[in-house]
């Protein structure tokens, strides 16, 4: 649809479980793959490869698709990223691989790398994946705490190196945020079960429903394993208390998405307010539209320029009809039983704060009400401070575990951290940090063995 | 469809067009020639109509052509191709030459195609010879010093349709040669541009696979004739496409396919203002002609768009003829 | 060993068509024009009946006919075509090019007047506008000659010493449409005679790519044109040898020109085409009256066999040249050529022009011409049959 | 009779200057002639033009064979064109170049070489065109025609120019006219008339592609050439696809460098490069890591 025809009246929001980027057919995939210039040569590697935190050799796998060999394409992807299937759907490709595609220079649409990666991994999952090559067992044992993207990626990389790996996951299913907190319009059928199946075939052990919820359990782990990978992610939404939090129609973003994904779509009513300016805020706002809301307003206390969400996410949300209310600070939720309005105050931007962004300063006397029957708080998640305190020698900074970025090693040399717990915002960054942590861990343990 | 690496590979193993010719700096024609010839998988025989490309690439005793190449005259390239193609069929029938595929490609400028060569082109298309006619269209008689042709757009200034104190350039609209080719009901007709080389390459491949005549009208560029720095040739041609002045489309067995829909169509001024030949249109007294030109462009776009299948990728309809979209 | 002359009644056009069928060229691009049409119609029917494997291209103009013909010949295909008058005028640009690129095309020309006014009848004006193109030009007196010259033409055109296109002229209607007995050769004999066509640098040889038709600057154009001049100068020798071979094959003797009762002639006529036959009749009648008259019938107009012609006419005191074309504003073309050839010779020359646009040339006209040749002093061109 | 030969490149104004010179002489009562040589070349190719002046009507209609003066507008022509050919004894070659006259004389042994940095003088005058300076300079050396005549002729020839542009060019003309020209001469064979080379022509002007020479067109560049920082090259080959002169060299589908023999310096590759790995640099320099310029160390192909 040409953009100039996409006026409000012609706007069409895809259905609740309809993916924004549907899968490619065989022919479409080959034709799309043929658009790739196969950059990368003797001098500098391809910009897409360089833009990929997981270092997936994009031209190689796209080339394999163009040559009609999606199986080989999948092997290339999984060699670099065992969660290639998940990343294919949830990566912010617009600012990573696709954002760096040289076709932009020609004024052309970039190669649809995300969908091609999905095409290849789906193909491979459909056939039953060949596991990655696994080295001979080296006799060393590693525990991975957390079965989210970072934990899964770390476990596979470790298994490939010959480690005896066990993943401990508090939930009954793997996937972490990638599974429970990514909106369905991004990924409908998650590849995580197949990816876990792949890891399993590589020899990774899984302990589901086994939270490490006491210091004793952690001590026990330390006794049985040579090293530990902390991939515990973040905990609940940041707790910001508002007056009226108890009203029906007030949601935390993670709870909201999890409800959606577990088949109990929340009833959102007509008007939805979303608090926050990150990618999760964009996700829930767009989901709210899909759930039937006629008016969705994002309330954010700074301006568009300061929003942490990716610009393309903001643009897409706006294109779908999401309204934005900048420089707006919610104060309290109003209503008798169910939410009726969010009371807000205008702010102005003052001096920069510690994050370098200008601090919002409420302007008294500017209070106003945004009518809403649902409000979703998407302000951010907080670290698992209680659990992390049990690990000896661990240092925290800004709620995150402090690590050597090259090795993932924490203040406790036997502990390596990856994923959201150590910083990062996306699945592919989790994979990247997992790979770094595994490299660091491997170097550390080998050194120990050698000594 | 061949990737750029495949084209490079083809050019490495079979040099079909070399440097050492005397075309202008930043000329668009060699991109047409190299992209088309490097895309075609079979051996080729080339016919060239008189024009810049012809005189500048074959100054006796040099040649820039690594393939069999024939030039007779200005207006008869399609007729010469008819003779070659018929000779090929006749000799193959008699077993006098190896039974191998061969593609005949004609390169003609817009003068040799739209104007003086139109009759021979029409005859050859009507007779159904299996050949690919490529018009490298730079919208004027550039070889003889920038005179107007049937391809020169409305209001463009040339040495024979100059703008002046009392005149605004060419009074007539451009001849729609692509539509004329389409009216011959040949298997394949397309419009392409050098800025969209991959689309051009795909079209060359598809065109060369037809069992009858194929016609490709490729917007080339001419820094000298259009009045812009040589380094801008590709960019200026790209603007022609992005302003919808030059729709990229193809007509396969009578079905129209729009190959490129500018995401954010630019106003025509973006293209015009880069070229000296339209400079006069920005004077206040010529504004009406600029508006008129925009209206002509809009009308043509609307017409092509209305005929084209845009919602379904066309390769789904005809998988055996698949090709890239830009 | 001679073939029994089984004679067939054929028009000149049909005789040419039979020759074309027997040559069985690879390609025959053609466009209809009167009076050449009997050739292409007859031949098209023969192809349709499976008597030849030739690919006919029904082009959209004579310009394209010659373009396609030159291209096909350069591609490596034996290529013949045919035209007339306006058709030749239209194609003449490419006629030049075909010769310069050494494309050995053979073309039958039903000689006809040029417009305007438009006229469809016999005249040599069309051939004369192609006299400087680099083609070999032959003229036939009758259907038999048209047939025989058509069979000689490919051998001459394709001869490695020559490699030039050849035009065979036969007068429009007078020959193209008149039925006469013609002695034909057997198909196998013709096939053996013409043999295979081999081009040294065919365009279809993609393993050995060639650039044909390049752009020549002042530093090379002159040499390349001179090359054509040299090739044309080799034609008479090659033609003579071919005619010897053809005589063995057919029993019919040919040469660049034919002398008829010229040995002791005191007055002679130089003429080309169908009028030569009429002239023989006139000469026989005058000889019966004791007049020493003779004929030099020119078949090879280009290259012009000046030296041989000078020798053949050396002993004749009075020579008339009858042109069937004008060179407006100057001497008629054949006369000018003969003049140049005989420059310095004591022979007295007189120019005649007649038969334009199909105006008949009667036996009596020619007898009168011989008559006045001895009596009147030499003067400007005299016009045979002109109403004044 | 005065006979002048102009050497330039298409677009540098050799033909125009030959005419302005003739026009100026005409204004001083001389009989004149000005004419160019035409070929298939396009802008950037070597071109030649001639000017003749005499007290009597000029009837000769052929190229100048033995010029009194040769004006070379572009020093890059020296290796490409026999500029001294037929130079009359006592004649001179005037070269537009920043290089010293003595160094130019090494390349043009046996003739009197005059040198002026026309491009620099043109810039000082506020213009871009060295040709006007060279026109002034050649008249200055010959002592005719007068500067005023040259200026009038210039204004008449370029009637469409703005008064400001005319003023700039007048300054440039004067700068050339009054310039102190550097002069040098080295012993050597002097001017020679190039002998035509015999050539074997195939029948029908057929050119065999395998044997055909590919003329050098690298001389069309005007002081700048493309160079690459390899560490930024992602080998997309977009430069390759747009290069009109097939001057982007590849091996195994990988960029390996420029064919400077044929590159005309159009800069399409610079525009095509998505990573800005290609830049135009002065001739004789190469781009190496991090964009540093270093003198070129060896000839031939280099990325």
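Going by the order they are written in, the chains are A, B, C and D; count residues from 1 in each one.
As a working rule, a residue touches a chain if its C-beta (ideal position, glycine included) is under 8 Å from a C-beta of that chain, and two chains touch if they have at least 3 such contacts.
Small disclaimer: the values here were computed from a predicted structure and weren't measured.
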{"item": "Most widely separated chain from subunit B, with each centre as the mean of CA atoms", "value": "A"}
{"item": "Distance from the mean Cα position of subunit D to that of subunit A, given in whole angstrom", "value": "62"}
{"item": "Rounded Å distance, subunit C centre to subunit D centre (Cα mean)", "value": "54"}
{"item": "Whole-Å gap between the CA centroids of subunit B and subunit D", "value": "33"}
{"item": "Whole-Å separation of chain centres (CA-atom averages), subunit A against subunit C", "value": "88"}
{"item": "Set of subunit C residues in contact with two or more other chains", "value": "74, 101, 209-217, 220, 224"}
{"item": "Per-residue overlap in subunit A, given as positions that touch at least 2 other chains", "value": "37, 106"}
{"item": "Shared interface positions of subunit B, touching two or more other chains", "value": "4-5, 55, 58-61, 63, 65-67, 69"}
{"item": "Interchain pairs in contact, sorted by label", "value": "A-B, A-D, B-C, B-D, C-D"}
{"item": "Residue ranges of subunit A touching subunit B (in the complex, touch as defined)", "value": "2-4, 25, 27-28, 30-31, 34-38, 66, 106-109"}
{"item": "Parts of subunit D lying in touch with subunit A, wherever the complex brings them together", "value": "230-238, 253-255, 272-275, 277"}
{"item": "Interfacial residue positions of subunit C with respect to subunit D in the complex", "value": "74, 100-103, 163, 200-201, 208-217, 219-220, 223-224, 227, 231"}
{"item": "Subunit B partner contacts - residues on subunit D that touch it in the complex", "value": "39-45, 199, 201, 205, 207, 209, 212-217, 220, 236-238, 240-247, 250-253, 259, 261-268, 270-272"}
{"item": "Footprint of subunit A on subunit B - complex, ascending", "value": "1, 3-5, 195-196, 198, 238, 242, 261, 263-265, 313, 315-316, 319, 322-326"}
